[in-house]
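For reference, the structures are reproduced in the following blocks.
Two complexes are shown next, each including chain A; its partner changes from chain B in the first to chain C in the second.
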Partner chain A sequence: MLWGVDVWRHARDTVRSMYAYIARRILEAIPLIVLVLVMNFVILHVAPGDPVFLFIQGGGGATEEYVAQVREMLGLDRPLGEQLLIFITNVFRGNLGFSHFYQRPVIDIIAERIPITLLLVVLSTILAATAGIILGVFAGKNPYSLVDRVNTVVAVFGYAIPIFWFGQLLILAFSIYLNILPTGGIPSRAMGGGSFLDWVRHLVLPVISLGVIQLALTARITRANMLEILGMDYIDSARAKGLKENTVVFRHALRNAVLPVVTVISVNFAFQLTGAMIIETVFSWPGLGRMMFESVFRRDYPVLMGLLIVMSVGVVVVNLITDLIYAYLDPRVVYE
Partner chain B sequence: MPLSPDRAAEGLAEKLWDFWRGYRRNKGAVFGLFFLIILVLIAVSADWITEFGPMDTGIGRPLQAPSGRYLMGTDDLARDIFSGVVHGARVSLMVGFTAALTAALIGVIIGSISGYFGGMTDDLLMKFCELFQSMPRFLFALVIVVFFGNTIWNVVVVIGILSWPRTGRLVRSEFLHLRESEFVMAAKGIGMSSARIIFRHILPNAMHVVLVTASLEVGAAIITEAGLSFLGAGDPNLMSWGRMLYNAQRFLRTAWWLAIFPGSAIFLTVLSLSLIGDGLNDALNPKLKRIKR
Partner chain C sequence: MRRSMFRKKQVPTKQRGCIMRSIFSRKRGTSVLIVLVLGTLIGLGASMSAAAEKDTLAIAITADPRNISPVSASTFHDWVVGYRAYSSLFQADTDFKPVPDLAESWDVSSDHLTYTFHLKRNATFHDGSPITSEDVKFSIEEIAVKHGSICARGLGTVIKSIETPDKHTLVVRLKAAYPEILNPYDGLGPHCSACVKKALYEGTDVINNPHNFKPVGSGPFKFVEWVRGSHIVFERYEGYHGEKPAIKKIVFRIIGDPIARAMAYEKGEVQWIPFEMPRSEVARLDKLPGNKVLFHGSPCGTIPTLLFNMRKDPFKDKAVRKAITAGIDKQKIVDLVYFGGGDPGIGHIPLTPFSAWWHNRDARQIEYNPQVAAKILDRAGHPVKGDGWRFRMNLKHTTGYSEHLKMAELIKDDLKKIGVDVQITSLDHAAWHEHVFKNWDFDVSITPFCGGPTPPTLKRYHTENIKRISWANCTGFSNAEYDALFDLMISETDAKKRLKITNRMQELLSEENPGTFLVHSKNGTGTKEGLFTEEPKGVWVLGYLWMHLNRIKPAK
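Our next item is the complex of A and B:
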């Protein structure tokens, strides 16, 4: 039996080990970030041509003095090891280089557009995961039923359809044929838009096309978990207690079936992020993806490299956060 | 069970027939295989099927709707869409299969070493795998292709190198399980080398995992290539499905056929590959077999 002091001790130990766990996970993430940066550095240096010209874009009009100046500024005349150190230090200081096209530091251009892209990613992830869980629960509850077959179709569809083509189809159907939704862009104040409804109208199609893979994944995982959990002993005992079927399914089984979805979202985050970048091109959404698309077109290397760095570090950080959330939600995780 | 080479050759026809009996049970998989075979035939005979080259401009009026002469219409430069779709099959199949093969090779090597030896090697390789899995792979591919030049070979190599983790993980877990089995113990007992045990004894038993995953990776690689081309980072000298969709984007309002045909081609191809993957799993997975028979 636990007395007051024991309860307190137990709580203290739990909190302590939780902090230790958080600290350990953060420490584990750091080498991962450094490794990602090293890979970026390697790409930059293994790519054909003098890296200095990547930074001054073609460098056709650049004078020799300017080239020398940039080379010195970036430390490209130093030994490779030192260059790597300079590269990593610069990234940690938020210095990702300068875009000659935008005439601004890369980090500023990226930071400005992150919220616009995240809006798309977060909305579609949440909505698709919710829909996927609902679909998965009903499919798992009634295997081989109509809902289950719908689930199978969604899974196959989500795997095989290129999301950018799905986006184009949605535009063809809803914006051009039915003419009920805008073909793309975000609401503009100047055009008298910007109301909540206007935002919703602009978000519907991109969010759906981006969410289709997440929906398929979540539904499949939830269904599989549901099937497994509904065969477990504790479910039998809940039923034997005479609980209503709905209580058994939605209170007892669902909780445990949904937990792995957190992991799926985390693992899939990088994919959603890059998916958003393609979808933005389809729907003229002025976020990171559009900038990426234009930078590919212009061969704006500093912007592309900066994007890659921000994205890869961002993914590591998001995965870390979801791991911590998972540990918080799932009492079975041992903070060893 | 592991087969010695001579016995394998002896029973090959029988094994193939056995495989087909398991495979044909899955109707979707049979459809997928049928579609893929047709597609390969189309890709091989592309030049004979089409009247115009995929890059030939001005073969008629621009942006013509599908008709008897231009089966899938023409684009803004008056290129034949049908020819583009047919020739695009070459690019997609080539990229898909070569990239998947590369990914399978890397995945098998890393997965088997990781699963067979375990311990520190396993930890390290799995961390490496995790890194590859969690990074924004499409963006990596895009940056590499842009930096190294957008040739079809760069596209293939990049996709192959970035897609091994799924195979790697699955092979590893098969190895973790198989290395404890009696035939491996016996092989170790008579002093067989690790390489021989891995490649001659364990790997053949894990091959079904590799094949099923590879068929999915082919589809994934096709979509990735289409995505790269869609963003204008594909090979400019080849007509690919993704590139056609990139072109279609500007004319959605006026010319639906620019988007519908190449997109359907990607969708049906990847769908077939996924169905084939299911069929392979039904036919090759020994666990499923025992339940069914």
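Our next item is the complex of A and C:
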């Protein structure tokens, strides 16, 4: 009974310290996010380009009074400091502003597109990381073999090739010549599609294009770590004990080798979002990345600031999840 | 074990177990799985393509419209998408003449100041409610004149009043004669009379009205779905008052990347790319069977123009402006930048199906001749100095149009030969607008002006249009004769007199040279053979916003 109580107490303390750790990390992230927002707000507003001009267009027919009216409607007639204060106050109230280009609240516009981008980024990260780890493990286990050479080629190719060009090559091969996959876009019931298989077909090429860099990085780092780990004494001990080779590699070696890989995947997440901007443009996916590109062009400040908040929070959350995964994988890591 | 699979004789149980294991061995199983997946994808792909073609027209555009409504409609995408859902008083025929739409007929008073439109009695909105003259009046006065860019600067300035003596009669009274009133672009066509339901807009914040995004329209197609950044779907409105379209559905696919757009067209995922076919792909795709890709003039007659800031030296001097014009090889720009899709610019008004009736072929700018250009500069007091240059100038352009950087580089090369040093500044679109139109901070700038389709667009160079507004007269060009001619032309109803005035205005622009008219550019439109019931010609080739897509039949 005493042993059971000790276990229960340990579990309780672990959970408490985990929640405290998470809460502390969130509190630490808030000033960082605010700083990112302030810096980007200032940069956006100071950069050349008047959004009022782009909003009006109109072939030169607008009057100066109308321009002033639009400037007031967009809130751009106020001093920069006042605009910043209004913006930050609204953010803490959950109001990300209103886009006069889309003529809708920013939070609605972003909420509409988040699932599309997350689907692409998360799927490509998971598949690329999984494939990279498997390739890296076999390459590390069999150095200088055919598998290892394939691993090297994949790594160099994946890292060197521009992803927008790779995406277009995939479209050429699979959509135009082989005619087995669509050129892009998302399916919809209104267009006569929208089934699960239809979604799979539309996802294949963009996921591969977006994941190729992640695959290259993961494969390379996993191979390097596996080579190092498999040369350690405890691996020899495990083999000497008569454990099966798969158990030695996947249970004992990989668990240690994968820790740096988790860090790389997390750090690369921000780059995946940048890559998503390019892939969404090539494959006509209506995600956050493409919206960011178009909003920069249009100087749609509210949407841009809203996107920056979402991406900043996203990076913080991913880093937090990475730390939690670390603690799960490595029992030596404790929450403090 | 493998051999036993193919023998017909009875196989003992133990062997059968080995056979099963061998069939479902890891490598074989993986191969079978890959074949199954590929087969499913191929089969699904083929069946979906076949289904999509039959009763659906897929059109590719480059960006979302701002909304699906006449409110604030000011770009190509606003019009080509939004106007599917709305009827207007009239539409355009192949010769760009008005044909009845909501108005089954109209009368014009002898002084051209009163227009009486007789509306169809069976016209309904997409919710089944009848369209009345009050709806049309509201759409013109409260929507088009106040929030529509084309109408606001043109017809909207001359409308005195609109009366509705009964539910199916509309009387428009003008302050002054406006010859373009029956023109589908500048008149009471879609830009000025796209009919919205008054009850849904009256008393509301028109700009933010939710029906701008989920319209209850009045046209041949009814709104179904809009996934921003992806697609917009319309379906045929069965209660439409006019000739019902043959196609059941229109899908606008939003494909921003030009190569992706071309590939979607090549594959057949879209059957029509109006105006925005990448120029580099026109010749190649036209050769592929089943395709019809062509260059053609645009309605507004886009003409990239090298505008001079005439407030600054040395561009105040007409001789310098002419010399720079003479130093630029426009044919080379057409060949290298536009892939032959255009003609060297001769004047402000390009030759298009819309502007053919008033295009003045004799109003030509000085021809390309670098020797003449050099002599003009010598006489104008700009000899070649010790550093090898006569003077320097900064050329600003927007990166929003991919051709402009290439044009800038060719211009730099050409002007180098006559001793003018060109420094190119590439700006993103917003910054370029600010530099050129707001701050007038430029020496020269490549600007894609519209030269048409109708004479009121000549206002671009009017003194009154010298404003710090996008697309206004940023050159500072001010000519009393030009202004007086414009004021006469705008209300002249006699066609011959009008033509004489516009001819002289074009001559003035070519003589005074506020800008070098670089290229009468053409756009690439891609269609599929068999898509139209008749060969596209004239205005029809564009299948553009002023005409309902009634003549489109599904491809066989």
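Everything below uses one rule, namely that the second predicted complex is superposed on the first by the 261 of 336 C-alpha atoms of A that agree within 3 Å, B and C clash if a C-alpha of one lies under 4 Å from a C-alpha of the other, contacts with A are read in each partner's own complex, and residues count from 1 in each chain.
By our rule, a residue touches a chain if its C-beta (ideal position, glycine included) is under 8 Å from a C-beta of that chain, and two chains touch if they have at least 3 such contacts.
Everything quoted here is computed from the prediction, not taken from an experiment.
Chemist: Where does A:103 make contact in the superposed view: on chain B (first), on chain C (second), on both, or on neither?
Modeler: Touch partner of A:103: chain C, not chain B.
Chemist: Tell me the contact category for A:53 with respect to chain B and chain C: first, second, both or neither.
Modeler: second
Chemist: May I ask you to decide whether A:36 touches chain B, chain C, both, or neither, giving the answer as first, second, both or neither?
Modeler: Once the two structures are laid over each other on A, A:36 reaches chain B alone.
Chemist: Answer with first, second, both or neither: which of chain B and chain C does A:297 touch in the superposed model?
Modeler: Once the two structures are laid over each other on A, A:297 reaches both partners.
Chemist: In this superposed model, does chain C or chain B come into contact with more residues of chain A?
Modeler: C
Chemist: Quick check for you: in the superposed arrangement, does A:285 touch first (chain B), second (chain C), both or neither?
Modeler: second
Chemist: Quick check for you: in the superposed arrangement, does A:183 touch first (chain B), second (chain C), both or neither?
Modeler: A:183: touches chain B and chain C.
Chemist: Touching A:172, do we find chain B (first), chain C (second), both, or neither?
Modeler: Both chain B and chain C are touched by A:172.
Chemist: For chain A, what residues appear in both contact lists, the one with chain B and the one with chain C?
Modeler: 47-48, 54, 168, 171-172, 176, 183, 281-282, 296-297, 299
Chemist: Show me the residue ranges of chain A that touch chain B in the complex, using the header's touch definition.
Modeler: Chain A residues touching chain B: 32, 35-36, 43-44, 47-48, 54, 156, 159-162, 164-165, 168-169, 171-172, 176, 183, 267, 270-271, 273-275, 277-278, 281-282, 292-293, 296-297, 299, 301, 304-305, 307-308, 311-312, 315-316, 319.
Chemist: Note which residues of chain C are touching chain A in the complex, please.
Modeler: Listed in rising order, the residues of chain C that touch chain A are 38, 40-42, 44-46, 48, 51-52, 56, 63, 66-67, 74-75, 149-150, 152-154, 207-208, 212-213, 224-225, 227-231, 233, 251, 253-257, 259-260, 263-264, 266-267, 269, 400, 427-431, 433-435, 437-438, 450, 457, 459-460, 465, 467-473.
Chemist: Tell me, which parts of chain A touch chain C in their complex?
Modeler: On the chain A side, the touching residues are 47-51, 53-54, 56-64, 67, 100-104, 109, 112-113, 168, 171-172, 175-176, 179-186, 188, 190-193, 197-198, 201, 204, 280-287, 290-291, 294, 296-299.
Chemist: Could you please specify the touching residues of chain B with respect to chain A in the complex?
Modeler: 127, 130-131, 133-140, 142-144, 146-149, 216, 219, 223, 226-227, 230-233, 242, 245, 248-249, 252-253, 256, 259-260, 263, 266-267, 270-271, 274-275
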